[in-house]
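Okay, so chain A shows up in both of these, paired with chain B first and chain C after.
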Partner chain A sequence: MSAVLASRGLGDRLTGLFWRRPNLLLLLLISPPLIWLGLVYLGSLAALLVQSFYSIDEFSGVVVPEFTLRTYAELFNPANMDIIIRTLLMSASVTVGCAVLAFPIAYYAARFARGHWKAAFYLGVMLPLWSSYLVKVYAWKLILAKEGIIGWAAGATGTTPILEAVLAIPGIGGNSLSTSFLGTWMVFVYVWLPYMILPMQASLERVPVSMLEASADLGATRGQTFRTVTLPLALPGVIAGSIFTFSLTMGDYIIPQIIGTSARFIGQAVFQLQGTAGNIPLAAAFAVVPILIMLVYLALARRAGAFDAL
Partner chain B sequence: MTVAVEFSSVSRHFGAVRAVDGVSLQIAEGAFFAMLGPSGSGKTTCLRLISGFEKPTAGVIRIFGEDVSDVPPNRRNVNTVFQDYALFPHMNVADNVAYGLMVKGVGRAERLRRAEEMLAVVKLDEYGGRKPGQLSGGQRQRVALARALVNEPRVLLLDEPLGALDLKLREAMQDELKALQQRLGITFVFVTHDQHEALSMADSLAVFNEGKIAQIGTPEEVYARPATRFVADFVGSSNVLPPDMTQRIGGPAAWSSLRPEALRLAPAEGAALAGPVTALRYLGAGTRVQISTGSTEVAAFVPAGQPLPLPGQNVGFAFDAADLHVMDRA
Partner chain C sequence: MHSERASLGLQIAAIGGLLFLHLPILLIFLYAFTVEERTYQFPPPGLTTEWFAVAWNRADIWPPLYLSLKVAAVSTVLALVLGTLVAGAMARSRFFGREQISLLIILPIALPGVITGMSLRSAFAIMEIPFSVWTIILGHATFCIVIVYNNAVARMRRLSGGLMEASADLGANAFQTFRYVLLPNLGSALLAGCMLAFALSFDEVIVTTFTAGQQSTLPIWMLNELVRPRQRPVTNVVAIVVFAVTFVPILLAYYLTRGGSETAGGGK
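Take a look at the complex of A and B:
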C-alpha cells in the first residue's frame, strides 16, 4: 500500500494548496471585510473629515472647497455649543442609567441563571430587538403621553401629585413625560439597554468563581470583593457596553424628534444641516464631534486601566 | 493536644448526592494533615466546609474550639491555596500577596513591606512588580502560598496544591512545603488524590471513599494496616485477598491484604501462592510481576537485578506470615 493516498479531486487539491500556503486562506477570508471597512467605511469617514474643513459661502449657499477652520469655529457659537453639551449630558446620563439597570440583570444571568432561566434571560433581552425601533419609540410616546398609561396609573393610584412634582423639576421636566427631557432619557435607556446588558454579562461570566472565593477567603467583605475584584475584571465589558450606549445616543436623531422638547441634539442638527439647510461642511463638523468625544473617552478609560484585564 | 479542626458527624448533601456523609475527625494543631481519596470522594467538599464555602447539611465544625456554623469565610482565620491558584490577573504579584492585608485596612507601605517579606520566604523576591500572567505554574503557586500565609492564618488549606505541576517541580515543592510547614508551625490541611504525595508529606491522613472516612491514621498505619479493602487497594495498590484465599494460605476466614513488596519469587511447587505469570510491568526500581492463582490476580514487586520469570511461566510467591494483614472490617 502506498504511503500517499490518491487525490480525490478539487477538495483535496484546495486543501493541499492552503496547507502549503497558510496565509492564502487567511487573505481570502479577510479581504472582503477589509475592502468594505477600508474603502467604504474609512473612505467615507475621510470624505467627512475633508468636508468639515470646507466652508459655505454665506451669500450663495455654495460649498467653498478650500481648507479653513471657520466651520469648526462656528461650532463654538452659543447655540451650537448648547447642542453639543446637551447631547453630551444626555449620552452620559443614558449610559449611567443603562449601567445601573443592566448590572443586576447581567450579574444574575452570569452567576445564577442556568438552563431554562438562561434561555429566558437571552430571550427577554433580545426580544425587544426583534421589533422595529420606530414602533417601540411611538409606543413609548403613547405610554408617556399625558393621557397615557403612566398618567392614567398615577390618577388611579392617587400619585398624580408625585408625577406632577417630577415634571415640575426645572431642566428635565415639562408639560408631560413625552414632552420632557426625562421622557427622552427614559426611552433612550429602554432602547439601548440590551447593548449594555450583553457585553456586561459576557465579561461577568468570564470572572472565575474561585477568584471571588479567594477574595472572601482573604477576608474581604462582599462590598470589597465587588470593588476590588468583580468590577475591575468586568470593566472591559462595562466599557464596551458604555461605548454602545454613549455613541448610539450621541448619533440618534429620531428619539429626541418624537419624544422630548424642541431643543435639538447633535444627530438632529446634522440631519437638518445636510438636508434642508444644505450646509454640508457644518454638518460634517458636527458629525466629527461624537468621534472626538469617543476617542477622548476611550483614552481616559485606557488610562484608568479599564483594559488591563483584557 | 490542641485540636485545630474538628468535625462532629458532618454531612453535606447536594440533593440526593451525599458528598460528605457523617464525617467525624480531629486535626491536631501544627499537624500536616492529608485528605486522600479518588475524585468525588468528598475530600474537597470537606476542605470547602472548613473554609466556609460550603455549609454543612448536618453536624458541627469547630475551628480551635469555636463553632463556625454561622461564621462566613471572610471572618474565618483560615486561608486557602486554590487548585487553580485564583490569583487576581489585574494586580501585580505584590498587590496579590498584600490583598488580605489591604482588605483588613493595613496601610500601603506596611502591607507591601510584609508582602515583600513573604515573597522572600517563598523565594520570589524581585518578582513583586510582575503580573501573574508573566509567571510560570510553579511561581504562581508560590505566590498563592505567600498570599495565603501573609495573613498568618491558624489553618492553611491546600486544594490539590501540586496537581498542576510537572513531576520534577512537584517533588521539589513537596519538600519545600514540608519544610515551610515545620518552620511556621501552622496547621496544614491538604487535599490530594495522589497517594504518594499524601504518604510522603502528611504526618496524619484520612482516606475518603464515597463521602465517608475509610481510615484515619499515620501514613505508616494506613499503608501497613489498611482498615478496608478500599484502603488496601487505593493506598499502595496492595493485593486484596478474599476470605477463602486467606484461609488457604494460613490465615483466618477474613479479607486480608499483602503488599507486593512483601512477596518474593519462589518455586511453584509447595508455594502458598502459585500460578502462571499474566503480566510484567517495569517500574524502574523493580518489576511488578502478576500471576493468576485461579480466582485472584496477585502481584509481587521484584527489585531490579533479580532474575525475572517469563510471561506464562508457572511461579510461586512466598512471604512471611507477619506480612499478611487481616482486615477487621471489609
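Take a look at the complex of A and C:
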C-alpha cells in the first residue's frame, strides 16, 4: 500500500515495513512480554529447580551449591511423607466436597436460570471468586470459633451434642471447629467452590437440548437422561474444575495456618523452611512435589478431554 | 424448546449454595460493630461504631495500605502493557510455539501460589537481590499479565478483521489504526482487565509473603492480625476496606464487559 500512496513520515514507512514483513510486527509485539515471562518466571522456576538440588550443611546451616540428591531423599523421611500424604488427602477430599456442592448451582444456572436470574447467578459466583481471599478466610475464623455462630446456632437449636459428637471423631475432630481438620476442609471447600462452579456450568451449558429431547423421545426417564446423557457430557467440566480445587488446595498454606491443627501441609512446610528454618534447598524440593503431581494430574485431565471445557 | 421446571430440591440446593457463598462475608460487616474485642462471641453483646475511628487512628495501618496501593498500581500498569502486547500477537496470527506461549502466560496463576512465590524467592537468593518494593511488584505483575491478556484477547477475537482493513484502505497507517480504531474498541476490555488485575494484586498474600521480606502490605498486616489478634474489630474494619477496594473494581469490570461473550472474571 505504501507503493500506492505517498509516504507521510515514519509512521507510514513503518506501516509499509510491517505490511511487507508481518513477522517483524509479531516479533516486536511479543518480545517484551516473552522476555519478562521468560526471565522473571521461567528463570525463577529454573532457580527453584537448581536450589532443590543443592543441600544445606548440617553444622553451619549454609547452603552448599553442589549437585546432590540428598535433599530430595530427605522428602522421604516419615515426617515429610506424612506432610505430603496429608496434603494429598486434603486436596482430594476438598475436590469431592466442591464437586458435590457445586453441581446443583452449576446445573441450575446452566439449565433453568434465565434473564435476570442468569445474571444474578453469574455475579453470585463471580463476586466470591474474586473477592478478597483473606477476608473470606477471616470470615470463617469468626464462624468456626468456639463462641462463634455455629456454636451459638447449635446451642439455640439444641444440637450441641451432635456438634460435640462430630468434633470427637478422631482424626478430623478437635477442640473446636476452628482447630480441627474438619474446619480446615470446610474453609477450603468454601474458598475454592467458585472455581468448580464456573467450568462445570460452562460444560453443562454446552450439552445440547436436542440430545436431552432425543433421550426423552427414546423413552428415558429424567433420571436416566441425567445419568446417561448429562453427567457424561458434563464430566470434562468437573475434571477441569477439579484441576483448580486440587492445585489450589495443594499449594495453600494460609488456611491451615489460621484454621486447623498444628499438623502441617506442603505449603506450610515450604514457607517455614525458607523463612525461619532458612533451609531453602529443602523448601525448593518440597515445592517441586506439587509441580510433579500437577503435571501427572494435567496429563490425566487432558486424556479425559477436560481442556476443551476450560 | 425444552421447557421443564427445576425440581424443588434442585432449586433449594442451588439457592442454598449461593447463600453459602455470600453469608460468611456479611458476618465480617457485623463483627466490625461488636463491642467485644477479645473473642468472636455471637451474637455480639452490643454494637458500636467506635472501631472505625480507632482503625483510622492506628498508625500501623496506613503504611501497609500505601504500599499495597502502590504495588497494585505499578503492577497493573506493567501487566496492562505486557498483556496487551501479547494479546495483540496472539489474537490473529498462527506461529510456531504459540501453544507453548499461551501455556507460559497462564502458568503463573495455574501453578499454586506457593510455587510462584518459592521460585521467585530462590531466584532472589541465588542472585542476591535484596527485598524491596520491586521484588513484590515483579511477582504481582507476572501473575497479572494473564488477567489483562484474557480480557484483551477475547475482545480482539470478537473484533472483525475487516475493520482494520477498512482503516488501512482509507489511508490510515498502523499507528493511526491503533489509535482510532483498535483502542476505542478495546478500551473497556482493557479497563476491565486493569480493574481485575488491580483487585488481584491488592489482595494477594501467598506470593507476597515470599517476596516482601520485612515489608508489610495490607494483606500481610491482616495475616499477622489473624495469627496474633490485638483489637479484633479493627481487623474487621480493615477487612471491610480490603473487601471494598477489591469489590468495586470487580463489579465495574463486570458491567464494562457485560453482554459480550467474554464477560470479565470467568477465569481467575
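Everything that follows uses one rule, which is that the second predicted complex is superposed on the first by the 244 of 310 C-alpha atoms of A that agree within 3 Å, B and C clash if a C-alpha of one lies under 4 Å from a C-alpha of the other, contacts with A are read in each partner's own complex, and residues count from 1 in each chain.
Keep in mind that, in the parts below, a contact is a pair of C-beta atoms (placed from the backbone, for glycine too) under 8 Å apart; a residue touches a chain by one contact, two chains touch by 3 or more.
All figures in this text were calculated on a predicted structure; none of them were measured in a lab.
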| item | value |
| --- | --- |
| Touched partner set for A:40, first chain B, second chain C, both or neither | second |
| First, second, both or neither for A:224, with chain B first and chain C second | first |
| Touching partner for A:213 - first (chain B), second (chain C), both, neither | both |
| Touched partner set for A:232, first chain B, second chain C, both or neither | first |
| First (chain B), second (chain C), both or neither touched by A:48 | second |
| Which of chain B and chain C A:108 touches, first, second, both or neither | second |
| Chain B versus chain C as contact partner of A:124, first or second or both or neither | second |
| Per-residue contact with chain A, leading partner among chain C and chain B | C |
| Partner chain(s) touched by A:185 [first = chain B, second = chain C, both, neither] | neither |
| Overlap of the chain B and chain C footprints on chain A, listed as residue numbers | 213 |
| Residues of chain A touching chain B in the complex | 208, 210-211, 213-221, 224, 228-229, 232-233, 305, 308-309 |
| Partner chain A, residues of chain B touching it in the complex | 51-53, 72-75, 78-80, 82-84, 86-90, 99-100, 102-104, 147-148, 151 |
| Residues of chain A defined as touching chain C within the complex | 1, 5, 8, 11-12, 14-15, 18, 22-23, 25-26, 29-30, 32-34, 36-38, 40-45, 47-48, 50-51, 63, 101-102, 104-105, 107-109, 111-112, 119, 121-143, 145, 147-149, 151-152, 190, 193-195, 198, 209, 212-213, 222, 247-248, 250-254, 257-258, 266-267, 270-271, 274, 280, 283-284, 287, 290-291, 294, 310 |
| Parts of chain C lying in touch with chain A, wherever the complex brings them together | 1-2, 4-6, 10-11, 13-14, 17-18, 20-22, 24-25, 27-28, 31, 39-43, 81-83, 85-86, 88-90, 93, 95, 101, 104-105, 107-108, 110-116, 118-123, 125-127, 138, 141-142, 145, 168, 171, 173-176, 196, 199-200, 203, 205-206, 209-210, 219, 222-223, 226-227, 235-236, 239, 242-243, 246-247, 250-251, 254, 258, 263, 265-268 |
